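Common to both upcoming complexes is subunit A, partnered first by subunit B, then by subunit C.
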Partner chain A sequence: MLLIDKLSYQSKLRYVNASEKLVYALLTLVLCVLSRSVKVAVLVFAVNGVLTVGKGGIPLFRYIKLFMIPLAFLAAGTAAVMINVSRTPMDAFALPAGEWYITGSNEGIRRGLRLCVTALSAVSSLYFLSLNTVMTDILCSCRKLHFPPLLTELMLLIYRFIFVLFETASSITVSQQSRLGNRGFKTRIRSFGKLGSSLFILALKRSSTLYDAMESRCYDGSIRVLSREQPAKAGEIAVIALYGAVLVLVWLLCG
Partner chain B sequence: MPKKKKILLRAYIVFAAMFAVAPASNAMHIMEGYLPAGYCVAWGVICLPFLIAGFISLRNKVKENRRNLILIAMSGAFIFVISSLKIPSVTGSCSHMTGTGLGAILFGPASVSVLGIIVLVFQAVLLAHGGLTTLGANTFSMAIAGPLVSFGIYKLCCHTKVNRKAAIFLAAFLGDIFTYCVTSIQLALAYPSEAGGVAASAVKFLGVFAPTQLPLAVIEGILTVVIMIGLETYAKPELKSIGFLRDTPGKQPPCLHERIFAGQRTANDSCRELSEVSRDRIGEAKHPYPIDRKEA
Partner chain C sequence: MKCDEDWVIKAENVSYTYDGNNQKALNGLNLKIRRGAKVAFMGGNGSGKSTFFLCLNGIRRPDEGTIYIDGKPVEYTRKGLLDVRSKVGIVFQEPDDQLFSASVYEEISFGILNLGADEDTARREVERVIEELEITPFQDRPAHALSGGQKKQVAIADILVMHPEVMILDEPAAALDPKHTRKVQEIVDRLSEKGITVLMATHDIDYAYAWADEIVLMHEGKVIRQGTPAQVCTDRQALEEASLELPVVVKIYERLREKALIPEDTPLPGNVEELIEEL
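Our next item is the complex of A and B:
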């Protein structure tokens, strides 16, 4: 159902300390966005690729396919950055359309390309985190970083319930399809509406029974689970710090 | 026409054709790393007061009755699931609901702001829609601005006795449109056009995303109506028994979240009756899905 979630359980880097991975991903993300330099972006993209596919063992095919998800937005957004409509033609290209020109400047194209590279390498950092870290581990390290307990509790519950509801939704969808519920556009709309409303009713009902079950097991507002401790290794921290320093150097020296 | 221009023209045609068949038209999540750092922080700061207000209101609800925590979490999961299911679309492309309108009508804008940011984090990490650096901007457009407009319009229509279906449709539709406009303006502020500044750039972004977002908004409006009608049909006896949904003509029923979080009655009572209702419905063979045969 959720491909990224499934892959994260298979990753070979799964049992590396979660806070380390979180810090690494956020560090590269921030440096990418802050520097906006092509060199930093390419370096980050390459290292993330090697780590995720080489070290983490995520199939390359899946990894490439995942980059297709944000592509539609990237193409549309970058086109809007690069292309201008104006009365005066600009230096890079100009296509006359009546009195106006569909035009763009060299500076604009350069800006658009830089934006593409930065965004893609930022996505690769996000993928490093989400493909190699299980969500519950992320939430655990959020708790250690002193997020409001209500918020982490809510996130843990929501994460669990997502799968419960997904299962319900998919079985409803299967039964709808087996009864030709997706025959035409109108039936599809009606089916989806019924799916939504019964899903909501079921969710309400299930939340109530769940609470009863949890309270009978002494639930007092927080779920405490034993997490397997993977202590952060000094060597790994040093490598991350060094890598961060290298990125900053590349940013400052080569721009 | 010189040769270079011809090549460019061809490239444009290919590019345009690519857009015509662009497979994924997601809700307007700004992708990871697309906004400059300053804008990421600024939008995050703008979101803060709304989030704090939402957080306090959630905390009060949980203090009132701890059972509400589970209910709220279930609502959040519901928004996530409904927004990640493929919805029917005219062109056959794969698109998703935003769920902002539905969430705002069901749970109110305060809860949706906090639920929205959690759902957006999950969407970024689990579905790669949106991102962590653009979380602030996305939260503002999809979890704050859109729901506020939806909720306002729904309330307004409730008071002015507009047809219920029309009210729900307008709330969801305009909420979606507003989200799309806000996102375009966010992008335009970050990337003003070289010819014409922010305004021209906003028009460009609006134009680029219009072909996917406008049909999506219409479909989302229709779906929200169908879902709400379904809810009111199947959960009506229960709502009546609480005493909120009356048959007296001219009196509009209050929004569902008020009934759910009404306070005196715990969610458990409502849900127990709800399950009885659905059981009855199965007896009448009216409900399309065997809701709880196993438990029953």
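Our next item is the complex of A and C:
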């Protein structure tokens, strides 16, 4: 997560209008999931890769590494679709195991593969958004799209304080280690528990000083802020719309 | 000139106790501060500086006593507090307690929008402050990627954008490297040039001696001494009570006079440069 955050600030597509990227990511995501078409999925996956790595300048090995995370879940998920345990063997493969067979059907394998491809390209859409858009820009777009203020305010504070809390946690961990707090299994467990409780107390304290600081700037219960936005470009919007239309065509004609 | 009576802050007999504590954080504090002054607040940890600052801003309400801002007693109503907070701004000691947004631009815009500025004005002001405090080079970085000094600059911008009459800085140089300390000091000097009254808590007596128009010594929730640096820094008893040392300049000056290395009638130098000049 921290890695994605860092990368998003380095992306060359960072200063493209955030709403455009949000709409692009959601559009491709929805089309992937709705169509269930392998062709659409492959197209989306390829284009996202080109955009993120080629245009955005995210290092390829980072990009590939990031895909390993969903891939692990995906492998477990599709295995359940493709592999059956049954008394009668199916058409694709069958491994006898006593009276039973570990077996799968052609249909099941096709379904599993399709699921796999669709899921991966859906993830690639989300990665496109999160690797090329900084969180504060996403938030700003959410505000413009009239997300509930409670939600956007929470997101704003959480995003800021994840890092503050993380920093605090890592300095506590360092200070524990410097006093042999991870010497054995037992001490490690105890240190971890202590870390949790002191983090909780620190977070409480922090929240009350933060509240004071906000009050001293005339906070009245709702957080109003201005963001600097990159203007949306007509050309880019047109390209996104066109791309969406192409995807729909591919879905309807070849899917 | 009526200047002598232009008190921007007046505190009369102010007491405050935190919930559940036996000891009073502020214990009958009396103080007057002239408009446009540079005032250093000194005193050990727990002497009540920060609590007093929070009172000046209406965050804490004194149990007893009255605080006057611009000659008017602070009113603890919505409107009254808004008024006080638009006049008195606090830059907190720990920027991580103050910066609530990861975006520098959003962060700075918060205060001025709360004052009811429209979007165009707010944008103009935010951009002006970013320029003025030299935040431009890192304005697009997230708060968690800023250095301590940069966070401090943003924290000052947070308040400056609201055009306060009084600006409180709670140990602004704490945990900063010399380079950023100097930068913050430069910014503070610019604030004074604009006519802003600056109250600063600091433990650096040498800096306070050279910088301040007035030094306020606090101890156990009270002001034990207030006066010009020359007055306060020659009052050994008060300094001792506040557990402070003499400024180096004063120490050397006194020693030089003792040893008759400078004439008896040499005036107390205001800073190191003046002392060197003397030699």
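To be clear about the criterion, the second predicted complex is superposed on the first by the 249 of 255 C-alpha atoms of A that agree within 3 Å, B and C clash if a C-alpha of one lies under 4 Å from a C-alpha of the other, contacts with A are read in each partner's own complex, and residues count from 1 in each chain.
Methods note: contacts are C-beta pairs under 8 Å (C-beta built on N, C-alpha and C of every residue); 3 or more make two chains touch, one makes a residue touch a chain.
Since the structure is predicted, the reported quantities are computational estimates derived from the model, not experimental observations.
Peer 1: Which holds for A:225: it touches subunit B only (first), subunit C only (second), both, or neither?
Peer 2: Only subunit C; A:225 stays clear of subunit B.
Peer 1: Name the chain, either subunit B or subunit C, that contacts more residues of subunit A.
Peer 2: Between subunit B and subunit C, the winner on subunit A residue contacts is B.
Peer 1: Identify the partner contact of A:135: answer first if only subunit B is touched, second if only subunit C is, both if each is, neither if none is.
Peer 2: It touches subunit B and subunit C both.
Peer 1: Quick one: is A:206 in contact with subunit B, with subunit C, with both, or with neither? Answer first, second, both or neither.
Peer 2: Both partners, subunit B and subunit C.
Peer 1: Using the touch definition from the top, say if A:70 reaches subunit B (first), subunit C (second), both or neither.
Peer 2: Only subunit B is touched by A:70; subunit C is not.
Peer 1: After superposition on the shared chain, which partner residues are touched by A:10: those of subunit B (first), subunit C (second), both, or neither?
Peer 2: In the superposed model, A:10 contacts neither subunit B nor subunit C.
Peer 1: Does the superposition put A:216 against subunit B (first), subunit C (second), both, or neither?
Peer 2: In the superposition, A:216 contacts subunit C only.
Peer 1: Check whether A:177 is in contact with subunit B, with subunit C, with both or with neither, and answer first, second, both or neither.
Peer 2: A:177 sits against neither subunit B nor subunit C.
Peer 1: Which of the two partners, first being subunit B and second being subunit C, lies in contact with A:157: first, second, both, or neither?
Peer 2: Touch partners of A:157: subunit B and subunit C.
Peer 1: Which subunit A residues lie in the overlap of the subunit B contact set and the subunit C contact set?
Peer 2: Common interface on subunit A, subunit B vs subunit C: 5, 135, 157, 159-160, 164, 206, 209-210, 212, 214.
Peer 1: Which of the residues in subunit A end up touching subunit B in this complex?
Peer 2: Interface residues on the subunit A side: 2, 4-5, 26, 29-30, 32-34, 36, 66, 68-77, 79-81, 83-86, 88, 90, 93, 95, 102-103, 105, 107-108, 111, 115, 118-123, 125-127, 129-130, 135, 138, 148, 150-151, 153-155, 157-162, 164-166, 169, 172-173, 175, 182, 185, 188-190, 192-212, 214, 221.
Peer 1: Show me the residue ranges of subunit A that touch subunit C in the complex, using the header's touch definition.
Peer 2: Residues of subunit A touching subunit C: 5, 9, 134-136, 156-157, 159-160, 163-164, 167, 206, 209-210, 212-220, 223-228.
Peer 1: Across the complex, what residues on subunit C touch subunit A?
Peer 2: Per the stated touch rule, the residues are 54, 57, 59, 81-82, 85-86, 89-90, 92, 94, 96-103, 105-107, 109-111, 113-115, 119, 122-123, 126, 141-145, 158-159, 162.
Peer 1: In their shared complex, at which residues does subunit B touch subunit A?
Peer 2: Those residues of subunit B that touch subunit A are 5, 8-9, 12, 15, 18-19, 22-26, 29-37, 40, 55, 58-59, 62, 66-67, 69-78, 80-82, 85, 87-88, 90, 102, 106, 114, 118-119, 121-122, 124-129, 131-133, 187, 191, 193-196, 200-201, 204-205, 207-209, 212, 219, 222-223, 225-231, 233-235, 260, 267-268, 270-272, 274-275, 278, 287-289, 291-292.
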